[in-house]
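Each of the two complexes below includes chain A, the first together with chain B, the second together with chain C.
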Partner chain A sequence: MSAVTGQPRTRLAVAPWQALRRSGLGPGLLMLLVVVSLNIALQPDFFSGSSLSGNIATFAPTILICVAQAVIVLSRELDLSLGAGVSLINCVMASLPQDKLGGPLGVIAVAVLVALLLGAVNGLLVAYAGLPSLVATFATGAIWFGLALTIMPQPGGVISDAIGDGYAGTLLGIPVPLLIIAVAMACWALLARHRAGRRIIAVGSNPEAAAVAGIPLRRTKLLAYLVAWMLVCLGAIAISAQTMSGDPRLGQSYTLASVAAVVIGGVSLGGGRGTPWGALIGALVLGLVTNVIYFAGISSSWQEFVKGFVIVAALGFMVLEGRRRA
Partner chain B sequence: MNKHLARPLALIGVAILLLLVGQILMPGFLSLGQVSNQLKIAAFLGIFGLCQTIVIAAGGQGLDLSVGASATLGGILGAALMQGSNGLTAPALLAAVAAGGLVGIVNGVGIALMRVPPLVATLAIASVVDGGTILGVSIVHPANSASPLLVAIGGWASGGVPNIVIVWAVLGAIAVWLLSASAWGKRLTATGANPLAALLSGNHVTGIRIAAYGLSGALAALAGFLLTGYVGQAFFGLGDPYILTSVVVAVIGGATLAGGRAPYAGVAAAAIMMTVLVSLLTALAIGEAGRQIIFGLVLLGFLALDRMMKGSLRAVILSRFRTPTPIAAASSAPDTSRGG
Partner chain C sequence: MTETLPLPPACVTARRISKSFGGVAALDSVDLAPRPGRVLGLLGANGSGKSTLCRIIAGEMMSDGGELLVDGQPARFTTPKDAVRRGVVIAHQHPSLAPDLPVWENLFLGMERCGRGGFVSRAGSRRAAWHMLQAVGLDIDIDQPVERLSAAEQQLVEIARALSREPRLLILDEPTAALSAALVDRLFAHVRALAASGTAIIFISHRLQEVEALCDDLVVLRNGRRVGSWELDGSLDEARVLDLLTGDSDAPARLTERKPRDTQDVVLTLEGLCAGQALRGVDLDLHSGEILGIAGLQGQGQEQLLDTVAGFRRKDGGRILHRGRALSPHRPRDMIRRGICLVPNDRHRQGLFMDQTVGENLAAVALAMQPRPWRLRRRRLAEFVRQTIPRLLIKTRGPTQPVATLSGGNQQKVVIGKWLEGPVDVLLLSDPTKGVDLRARREIYDTIGDLVAGGSAALVYASDIHELLHHCDRILVMYEGRVVETLSGSAMTEQRVIAASFGRAA
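Take a look at the complex of A and B:
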């Protein structure tokens, strides 16, 4: 409808439930409620400190990568190379000499540079060369995967203990993974309130109108890719800190999971609608469903089916919700 | 007519060039046995490419990422029903194709009626179908080997021409007729090009889209069934390698994600070209890493070539990744050039 739905612009006169409905977060939140209740039922110590922080450490990479996809989807594009990019960043990190380059900070700096490069390539191909993002990022995904395999044909290498310990530790009493997610989301919240973020949403919502309004389409889409790949980089570092080694196939499953999380979170694939918060909720739902399957002792042959069913159920919710909104 | 043949001929030219390069680098690459073997592999890719051609032509960012799951289902269900006997091969084929068609229709209903984006809908259905197949097999433990008849169809040759290539040629001829000469084909491309105009001129747009996805699912299951004959048995992940490669050959073959074009001759030529390219790279002992990189670069090259031929990059940027609403699709003609 209006150009920038999803952002609480008219917060004065809107009842909370109406704002919720407009945000498209309703179905995702409902699903989150269901899976959290199931988790609590199956795992009585779900809310204990150690269990919570363990869960957050496990979910953090997924959350960051799903939020990254949401930023790109908001600009009405897509990135099917996120998973392969995670693998490539992970392999680069694990193949670096961990004690040189100024220690872990040097390794992280290299990871950031690689992520920016990958995001820039995708952004340039999509925004400046005008290639359809779906196929173009699928192609670059194949290239990232090929590069990861070149660097590391077999899983191996090491990530320095400093990164692993740092990720498992706490800062000011807050677990580091939680801190990373909080900082990432705070950065998005800040961005969304300023020109750059508004432009991303405006371009995704209605490119023609945005162009007429004088928003530089190409630069804005490139920016969306760069912001997203910074989040992907954080996700790749987080998962590297957990696995402590390199694996060229590490990220594969994240690509499609990120698209699913975006949909569950009510971010419209048509662009401009929804918020990265939705993707965060979607990622949590996916992660907690895996938890439920694990703790309920569901045999592995059911797992795929249950996961697929959850996504289809989410789609059903979204459709019903969309009908009512329309 | 010339315009329609330019791309297939160019792609076949590239394939022949690649074959010649292979022959120069490795004598024997151009032998009859090698070429017919490559055609065999291309046949499967070509059938999967047909699935994507049909759904992409139907428009609304059409895609079918459930072809892998449908093919695996078709292979496993087919093998389970035929139990290795020639007599049960035909009924098993029918059941497999029907199952695939059903999966496709579910996709189509989700996409055309409930307006779920094709990418998401087919992915979601794929995970349910894959999960259901795994579940079913873990409960029933069915037979998984192909009957001798199916092995003959999938793997053997008659008179020097592989049987599967004959099957593909027949299917391809029907497909070219159906998509570019039949009334239904015209309706399909009209729906893809401009759903609103197609609706207003009396086409059942929703029904056409559902049928397109149903056809795609049925063809994918058929391909999986035939693959079972080629490999000798059905297994999980049978169709997975074809999910994205089928999209790639469709795009290289000239299908545009905006919809409205169903150039199957080009897609079939693209399937041959990609197969020759992959086998050349394999023969040159280029590992998976190099193959992936070259694969990605080739795809990017073709995308860029397409863009250059269409000109006006700026107009293209203005009409990107659209929601499948009729009005939006109607206004996304490639020539919305505007200053500013």
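Take a look at the complex of A and C:
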């Protein structure tokens, strides 16, 4: 009972099962196990090379956008404009003259600039103007969508073949989509060990304590938005590489998906708790659920229904887990 | 004034500091000069401006007037970090920690120990954290999130963090409120050693015996003014301090003895009450007209006992009998209908709606419990609020004042007052005077006394033994989830309570 005793109780390592419980990844991993089993049952060649690399290429954008949302949620904010931002970046890319601007690298540079601009606008509105992120980013999402429609009222335009081929190819024998995911996660892993990343989590966990401890709240939140939008940019480029054209409605479904993945992955919407690894697991669960629907021959109109169901189940898991802890 | 004596010059001096909130002066031209190597006791009722003064000195708040001097040079602290840079560190009464982060990270919050390129050096931080906690006598798993720690442990983490920043001036804002006696002794030893090495210390406490034991100098604030200051030489003139604190020289320095009452009727009986790890078979009888105190070290199940009786926490076994009838509380609502009311431990989170007004808070229970929910009894509620404010001596501008702007003592009176619209048969109070000044404390116990005089009863847990000794008819001592001692009459002594608290008979 009493934790103040004369005996040293400080341990150097945490037991693995305890680490798992603390991480909040349990429910997400369980769901991943279930959907992977279903996938294997429905699609016997699930683990074959072509099927795996196809899946990874499809899932990469979702994963990147979900991890982005996780970074923002960790700082106790939310971004409901991610999906529309993806569309806008995609439309800008597709409407650029692909052979000028120094080729594909120029197009990618413009995409990065646009993403940074969108992230900065959201970050400034939320952190510096103090608007509630739920409403502010919902509104800016409408603005991004409007801009995307203005640039490209109908789906069209082209993305240079170099980007598409690059995404479908391999580098050092590793498929590029897998490499992109790995780079994104490595960036997070570094950030999580860096003062800046720790401060994002501290601000999300208790903003007042962070402020009293001398952590600059506004700058830290802005940073979270900028980091997240770099990941969103990467996601948008990956999708563009797959579709090879522009579509102002392309990103629509990613906003809900990113919030869902964060919840499934055990990232607390109250901030401060969870890891982007959870968001990665959540994104995989959502992607594989879509696969299951497809391969089981269920009408795709049930997709949203099933996704919503999965999200509610994940929330239920979290509540049960919280109750057990209390 | 002590300032004329030949003492080392103050490292940080607050000169003529003034501050007002919404037109009300919280500090009016206050001077404070803590000196290296000495512990300065800062006493004052809640709302006297102690915390405001300390927050200004620590850079968490800007003063409206006056100035801060560091080594004789004017200094301006616009952020806590400015103050820390100049060696001014504060440990807050309510720990300001990030609940999700591990203990070791909280110790370095905002001052991370980093290696090359800003990466946090984990091994070095953890090792340093372990030593920092050892220094304050805390031996816990430093990798667990802070939210798992008890209030006392969190307080020690907060203090350890302040100590580690090598302060020239250390401000301890009610550091002992959540600590047990043994931990207080340990902390005091540490503070004395720190003072001996040349640190200036400001110590805030509501416990006079702690001030007497620790402090070299004393400053008393009342209503934002400095009303007295002198050097202590090991003893404290309690009557003089109480006079200065209350500004009321007629008030008795000691509490009047409570008259013995008829204590035949049993109001509440607990038989082998169990709940989780905290309660392991509690037996007690609560008699009509009595104030029954629950003592013991921190975390022996006292808070859980009150929560369980109030229906706020599930019981696993045993019986609760109210006026002879067995109850199995499932919801607080069931208990409130029977007049079993809880004044919870954490008044900010469980006792009040902090963003609402005094009137709304006082009427909250009546609104929730009214028999016909579709008919608001506006006039009756307004009348109830109007009568309750003077009845409990709540110091407020009126029912529309936001409850968050009241002092701690007056907030607590609102928490008690909200129950008075309905019948109160058993009043459960969990550390009701935590962070409450002496005068309000007396008024709160007067209210409780008036209530039980009508035939109901009160069950009080308080972390301060003296408070229980002063106000209770009988005292139960809890140890590891059980009642180990019942004391009444002349057997109610500090010595016997403390002995029983450690699980020993005196």
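Methods note: the second predicted complex is superposed on the first by the 308 of 326 C-alpha atoms of A that agree within 3 Å, B and C clash if a C-alpha of one lies under 4 Å from a C-alpha of the other, contacts with A are read in each partner's own complex, and residues count from 1 in each chain.
By our rule, a contact is a pair of C-beta atoms (placed from the backbone, for glycine too) under 8 Å apart; a residue touches a chain by one contact, two chains touch by 3 or more.
The structure displayed is predicted, hence computed values, not measured ones.
> Given the touch rule stated above, what does A:302 touch, chain B (first), chain C (second), both, or neither?
First partner only, chain B.
> Examine A:259 and indicate which partner it touches, taking first as chain B and second as chain C; both and neither are also allowed.
The answer is first: A:259 touches chain B but not chain C.
> Looking only at contacts as defined up top, I'd like to know whether chain B or chain C touches more of chain A.
After superposing on chain A, more of chain A is contacted by B.
> Contacts for A:193 in the overlay, against chain B (first) and chain C (second): which applies, first, second, both or neither?
Only chain C; A:193 stays clear of chain B.
> Answer with first, second, both or neither: which of chain B and chain C does A:142 touch in the superposed model?
first
> Classify the contacts of A:214 with the two partner chains as first (chain B alone), second (chain C alone), both, or neither.
both
> Check whether A:202 is in contact with chain B, with chain C, with both or with neither, and answer first, second, both or neither.
The second partner, chain C, only.
> In the superposed view, which residues of chain A touch chain B and also chain C?
On chain A, the overlap between the chain B and chain C contacts is residues 208, 211-212, 214, 268, 271.
> Can you tell me which positions in chain B touch chain A when the two form their complex?
It comes out as residues 61, 63, 110, 114-117, 119-121, 123-132, 134-135, 137-139, 244, 247-248, 251, 257, 287-297, 299-300, 303-304, 307, 313-314, 316-323, 325, 336, 338, 340.
> Can you list the residues on chain C that touch chain A in the complex?
Checking each residue of chain C against chain A gives 60, 79-81, 84, 92, 96-101, 105, 109-112, 114, 117-120, 122, 130, 137-143, 145, 149-150, 152-153, 156, 182-183, 277, 297, 299-300, 480.
> Please output the residues of chain A touching chain B within their complex, sorted ascending.
76-78, 125, 127-136, 138-143, 145-150, 153, 207-208, 211-212, 214, 217-218, 256, 259-260, 263, 268-271, 299, 301-309, 311-312, 315, 318-319, 322
> In the complex formed with chain C, which residues of chain A make contact?
Its residues touching chain C are 1-11, 14, 22, 190, 193-196, 198-199, 201-202, 204-206, 208-215, 268, 271-273.
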